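Listed after this line are the structures, all set down as structure tokens.
Note that subunit A is present in both complexes that follow, paired respectively with subunit B and with subunit C.
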Partner chain A sequence: MSVMNTVASSPAPDRALDFVPKSRWTVLRRLVSQPKGIVGLTLVVLYLLLAIFGPALAPQDAFRQNFAQTLQRPSAAHWFGTDQLGRDVFSRILVGARATLGIGVGGVSFAFLIGVPLGVLAAWRRGWVEAVVMRAIDVMLSFPDIVFALAVVAILGASTQNVIIAVGVVSIPVFARTARAVTLSILAEPYIEGSISLGASPARVILRHVLPNISGMLMTLSTLLFASTLLSASGLGFLGLGTQPPHPEWGTMLGESRSYIRSHPYLATFPGLFLAVSALAFNLLGDALRTIYDPTSRRTARPARFLDLLRRKRAPAAPTAALLPPSPGAAVSVRGLRMAYHSQEGLLEVVRGVDLDIMPGRTLAVVGESGSGKSTLLRAIGTLANPQEVAVTAGTIEIGGESALGLAPEALRDLRRRKIGIVFQDAANALNPVLTVGQQLTEAVQTGSSLDAAAVRQRCIDLLGDVNISDPERRLDMYPHQFSGGMKQRIVIAIALAQDPDVLLADEPTSALDVTIQQQILVLLREMQRKRGMAILLVTHDLNLVARFADDVAVMYAGRLVESGHVATVLARTLHPYTQALRASAPGGAEGRGKRLLTIAGEPPMIGALPSGCAFRPRCQRSQNRSQCFAEEPAIRLVASRQVACCFAEEAC
Partner chain B sequence: MFVFKRLGSALPTLFAVSLLVFFFVDLIPGDPAQILAGPTASNEEIESIRKFLGLNEPLLTRYGQFLRGMWDPTAATSFRTHRPVVVELSERLPNTLIVAIGGLAIGLIVGTISGIVCALRPGGIADMVITLLTLAGISMPIYWLGLLCIWFFAVNLGWLPAAGATTPAHFVLPILVIATRPAAMFSRLVATSLLEAMGKDYLDTARAKGLSETRVLLFHALRNSLIAAVSVAGVQFGGMLGGSVVTETVFGIPGVGRLLVDAVSRADYPVIQYAILMFAFFFVFINLATDLITQWLDPRTRDEERAT
Partner chain C sequence: MNAPFPMPQGGAIPQDDDVIVVDAASRHFGGRRRLFSAVAAPVVRAVDHVSFRVPRGTCFAIVGESGSGKSSLARLVVGLLRPTAGEVTIDGVALSTLDPVGLRAMRRKVQLVLQDPRASLDPRMTIFDTLCEALTVHRLHPGREARLERVKAVIALVGLSPAHLGRYPHELSGGQRQRAAIARAIICEPEVLVLDEPVSALDVSVQAQIINLLADLQAKLALTYLIITHDLALVEHMADTVGVMYLGRFVEQGDVEQVCGAPRHPYTQSLMAIAAQIEPLNRDQPATVLEGSIPSPLAIPSGCSFHTRCPLARRLAAVDGADIIQTADGRVPRRCAEDVPLPHAAPGGRSTATCHFAASPLPVSHD
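Up next is the complex of A and B:
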């Protein structure tokens, strides 16, 4: 029953709707594009053909007994040997396909025809109808499924038809529960609520909207249920309670072979093999269908990595321009950094040649739209870029004079421990929900230190005190969900500071907080920086925050730093058209007060499909289609005391 | 509070289950006494069977008698052996529990380890092999796997006994065979939930502390995944109790499952009723227990309970 539970418990249809393929052909195409789908579909078709034509294909009479030839080994005359009554096993398997698979089809249809209407009805009528249906489902699910099927057979007697009813009854609750869950969430969709309030008849809403939307889910469920129904039904046959002799059915044949397992094992081999492969076929097909209809199971849809390796293109050759040497004394020094995501189309470059330095005690703010590569850059500097997703293709990163790329695991841990602290945007995700704050802090304090337990605890208390959390002693034993958002972010900062890092990386640390708390967190960070002389890398999209808080600023667009320098210099007069556009679209900019906010024209750039020449060209108000903007990516030049990548930067001076 | 609420919802279910099992005899088409007595029986014989089954009593008396049979040996006896049903069941229960608990434990361990291996290198060779094995494990009819194992390990190699339940060695094959399904289920579950957890920021927070990847995985990611595994373990355990019907037949173990199958083929209605009732009660209690454990393991839901 658990196969079905995994389907039933994860309907997630609210998101599934976007994925539901429109036409049958799309389904088929997506199905055969997966190895699981093509193998499963082929086998299922073969089995169905076997069930239809099997009896006609049988070379010998499956019922004729021949006592001169009992229990023969497989041979040319009897491919799979003969059984204890001298009947040809191969012929019996071909003939038995119809009964075996027929029971599966019958059982699933029976359950479908009763369970789905019940589930839809419960979701539609709600109230007592739903209560009764759900209670009945609870009661039915209180019996292990094969035991329930046994009870039905005990009541009705052992026969093929009764086995169909037995395994069908067992699956009714699964269909009813899934149908109800999926229908409920579809009925909650705004467009359906709309048509109901406009007076559409219930039958029409269900036929037009509900059924088409839940059909994919139900098809998946039916396929997976078919496999388990087949196994339960044959299990009953195996116990001698299913199809009665002399009629062949694979489970019954297995049951008969049990007495001969010592002397004639091949008797059990072939029916078992056919049974196992048919269950496998339907499971494969069901899994493939699930990846189409249930986006929560995307993982299985991912093509195998070795195929990826074959397909993967080489990274675009990085320009071999000589890199500047890292600045001596810098806490962070990045040179010519290029990074690319692995994708089905090969490598997609997200960071395209970044140089930056952060001196100890200073704050560098990296500003840009979402998708500009700023978070990827931050993770790379924090040595936390997931190598399975994204690769550094060129360049160097140095933290406090040590290279942070290509380190052995032990050296990497040591670097993280001594030098790096990190603060994420959403503190709720940055803390482990099932560990106490004390456990998470202790872990940071203890790693690589030799303090005893009491000293560790004292240090944790001090850290919480440092970030202005009152009553730290008691708070250590609390779980993250017991704190407010601002407090959680303070705890994350405390963890980041626990090892006295040289560099603090903060990825939009305040954008999930409300304005008053934002201010407190920023003041706290600055205070910590002053006390400890840390370098801070702050990633944000908020220019006002940059103006108040950072020493240096770097504006990132499509993976490059298009304008960077001291905050005072850059913001006093912005030179790059993108920085100017950002400025104009930020609320409360010094010169923009009282003016209407502007949005930046055009679409943000598509990674992997950047325009030729300057990446900002299509949205640029300065370019006016000058040929230079098309010709080449503008070089980074020193103009008016800042680095800027625009061919016509001087026009803004 | 949650405990009482959950208990409160289990009680009506138990009551409904007992009613359903009680009416079992009345659901049989025709007269059960007639069926038991056979086509050639005289009216007196049928009447004595009716008396034995208590079919002539008023409904409420019969239900009271039925409930008493759960603990009172004199209230319900097997129609075939004339021994108290309670005794028949309790003699066999230990065998069934040994196989189910052993299988679940092995399945849990193997599944968790293979799930971790899959999640460590998604798309790698180990992941592909394990994914194929789990699919095979889910698709394998355990009665066939049991027969193959008997043939290979007991008949061919002679390492282990083929059938019976007299020595610990007799339990090795059944436990291993029955463990395949939970192993496959847990492997999938652990791999999926670990991969889901892999993208979480709190793992990066842990990594930034300089912890080893093993500790990040086992201490931070797996802890969250295992909470989900508990409820699946409950469902699996119930499934394995049900599966004992088949396993015990394959391996000739005198357990409750085997008793039930024999009772069904011999139409021993009292034994069928109480065996089914026992399975259902076990199932309800396991679900109850896993719900409570899951609730307690997750600090977030634990607190909600305290708050209400």
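Up next is the complex of A and C:
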């Protein structure tokens, strides 16, 4: 089947062709394969051994006081020194491991087992259950931790068990609130709805889908709370309510050593060290487990080596074909543009030699699929490409006769402000929700101008009127959320037009909008163009929209413009097999009812994993595996009044 | 195909052939006072008095803009939402008669395929685990071997290979993910697939593959489709019958040829006019646009809910001697703003349009 030949879609090495369900040892194997997993697991096992065998291993009696040898420095006899009562600190640490870890793990587990179900329940049931649970938790949070713990111990009595409950109760609100918040966001995911509609029971949805997906967050929270739980336990101990002296416990030891922190700092050092390392151990193990259970984070990131950094500086040797001079009078003129993403594997070429011109008053539509490089191209022309992510490796860009490459930040901003307006796909995110529309328009109008306040306001009103927003004076003081999606996109267009740009860049300006609103926005853009004579670069994946709206079209595939020319010429008879296939595969309405659609085999190629020769060859109907298609990237030639990059373009004439 | 379109008004008499029967179903949200809150939440009429039926093996399309209630209607059919009024019957069983356990068992028959396969598959489960879950939930094909057998058969049916089973969703391409989502939907041998914008999140060159796959599966497995989309070209290609939804109601419904070929409701006419434009816009002539945007479902306009945007009402109001009133959105015939329109059947009865003026021939042509 044709869909098998996906290109580089899997970062994982190809597994065996046949599928074998995973074995139960997979988790351990994956855990040990990560450095943090192996360190974390080793440390946690060591701590557990310490908790079990600590008292047996203690070289001296941890309870025997020796007033002749108080506050001694570490020595051969007392490895970690002695405390204020002359007891051996090393022995006390070994003996105290059990109580300490018991309180830490016990307290966190107690809070986890009560808080997480409460939070998940609140998020799942909503309504009054959520209201009651959350208000109760807010009340709990309003008390200081230690007061709460004291109250619990006072009621239940002082014992290690009750201290565990006390410090656990303190952490319940944190778990419950976090669990509710992350559960709510997971429940909003479509796969939850998918699994409910599959017929899965609520218990199954929560256990199989919600808990695994919130476990990472809760695991991190647990390791953070582990340390703070021990500290609040030691606080209780300090008040005489925790582990009772003379029984050792690291938090209490740390608390007692506070009085001697100046004169005898080592007294605090060792219990503190053991505490810190224990928190670190659980943290590492939790992190490693999370990596295992979250497959999306398992891409083994290779650390950037120094040599790679050096290599990045140098652009790959671009073919130094003589570039044509930029067209005089063009609003935008791009010549031989090549761009590449910085990545772990080095530079990945995403734009591979683009020439284009947009004349004032005309609209050029760049059509392509995801990964074709169309949005990167638009960002480069808009001088918005982030040089940290993507580099221009060859070619020139001129906006209104001025070069847009190699400018200082100040000059770049100035060029952008004077000549370029940009409209992105998602109008909802393009506006700042906490500023009024007027404030945002004012900002756009004022930059680089010396108008007074009244003139600025009048200009804002005019702009809103231009984009057909009725009652503009009142609308200026409204916030973005008070407008519909179509209105927001009009406001974004008004902001883009504020400085009378020479060129308007529009990246999928209507694909987030409803059909009827789409039409309104397109008609508006066309009207603005007619009034102001600006050039428009429209990036889209919708050929029908291009046919209705653009003057020129450029079809982009794998970083190159494979077919470009006047819309009427190109769409009347497409010559490149990709353009032809795109046209043919769209559902054609009533005539094609019930018939099979023509399809393009395979999937769009991934950046950096292009086939040899012509990038479209593996999906091409015309190639028939002719050797020319394997041998060379087809040159862009003038065939039947349009530019086309296919060795056999004439076959379609 | 081309089954005579049953009239929505009048009691819905289930016929043996109808897999989905929706009878005057409504779904309202809000209206209840919440704990610790003084005022009742406003009522949103997401779906209001909608009726349709889908014969076995056919495809019914719901078309509408965002906010029209089409997603809520789909969730009523799947049983994810319960109707506030009315009844949804699947394969002869009324959903309201089922308890939660029975409803879950019923879900085996109605499966949902969502728009974005990246989001609709659990990122922490391999494709194998995802497919197995469906079998486990409904206790089908018990036993490790039988289950693996079934999973492999389904994966071949949607054009994936066993090598894909061990992968996680993020390791697949968009098209492969949607194939996996479809595999999950069909693995329990359902009667009905509810397809919520099944191709709009995919690359253009991959969309045709998925549309063909859906057509193949429908023929092979005798599936009944309910497809939700805003793409009228897709509707004309795939659907047998269609309902055009506006603010929770069907403004026009019936056979696809009739509704899309000769639309009688002004809203459908506007949608079709936009979809049919493949010629470049004439720069010197004003283009046809439908003014305004869909009103909030919190404040549905009185009378005919489309009157605030209706081009036909504007034209009728311009005719002398008509009974006209002034509204916030301009002058419209009094009937449009005050009376709720009833469905009018087209000659031949193969479609109905809910417009006061659908019965009479249009007084003014729309060009």
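What we mean here is this: the second predicted complex is superposed on the first by the 429 of 653 C-alpha atoms of A that agree within 3 Å, B and C clash if a C-alpha of one lies under 4 Å from a C-alpha of the other, contacts with A are read in each partner's own complex, and residues count from 1 in each chain.
Going forward, a residue touches a chain if its C-beta (ideal position, glycine included) is under 8 Å from a C-beta of that chain, and two chains touch if they have at least 3 such contacts.
Worth saying up front: this structure is predicted, and the values here are computed from it rather than measured.
Once the two complexes are overlaid on the shared chain, A:135 sits against subunit B and subunit C alike. By the touch criterion defined above, A:631 reaches neither subunit B nor subunit C. Of the two partner chains placed by superposition, A:451 touches none, neither subunit B nor subunit C.
With both structures placed on the common chain, the touch criterion links A:212 to subunit C but leaves subunit B unconnected.
Residue contacts after overlaying the shared chain place A:572 against neither subunit B nor subunit C.
Touch criterion not met for A:405: it reaches neither subunit B nor subunit C.
After overlaying the two complexes on the shared chain, residue contacts for A:113 are found with neither subunit B nor subunit C.
When both complexes are overlaid on chain A, the residue A:530 reaches subunit C alone and has no touch with subunit B. In the superposition on chain A, A:28 contacts neither subunit B nor subunit C. Once the two complexes are overlaid on chain A, the subunit A residues touched by subunit B in the first and by subunit C in the second are 1, 3, 6, 135.
Touching subunit C in their complex are the following residues of subunit A: 1, 3-4, 6, 9-12, 14-22, 127-128, 131-132, 135, 189-191, 193-201, 204, 208-209, 212-213, 293-296, 369-370, 484-487, 514-520, 522-523, 526, 530, 541-544, 547-550, 567-568, 581-582, 585-590, 592-594, 596-600, 603-604, 619.
Subunit C meets subunit A in the complex at residues 1, 34-36, 65-66, 78-80, 104-108, 110-112, 114-116, 119-126, 128, 133-134, 137-138, 144, 148, 152, 159-163, 165-168, 170-176, 179, 181, 184, 188, 194, 203-209, 211-212, 215, 230-234, 236-238, 256-257, 260-261, 270-271, 274-281, 283, 287-291, 293-294. By the touch criterion given at the top, residues 1-3, 5-6, 135, 138-139, 142-147, 150-151, 153-156, 158, 227, 231, 234-235, 238-241, 251, 254-255, 257-258, 261-262, 265, 268, 271-272, 275-277, 279-280, 283-284, 287, 297, 299, 302-306, 308, 379, 382, 384, 388, 409, 413-418, 420-422, 424, 426, 429-436, 440, 443-444, 447-448, 479, 481-482, 492, 495-496, 498-499 of subunit A touch subunit B in their complex.
The residues of subunit B lying in touch with subunit A in their complex are 12-14, 16-17, 20, 24, 27-29, 122-125, 128, 135-136, 138-141, 143-144, 147-148, 150-151, 155, 162, 185, 188-189, 192, 195, 200-202, 204-213, 220, 223-224, 227, 232, 235-236, 238-239, 241-243, 245-246, 249-250, 260-261, 263-265, 267, 269, 272, 276, 279-280, 283-284, 287, 297-300, 303.
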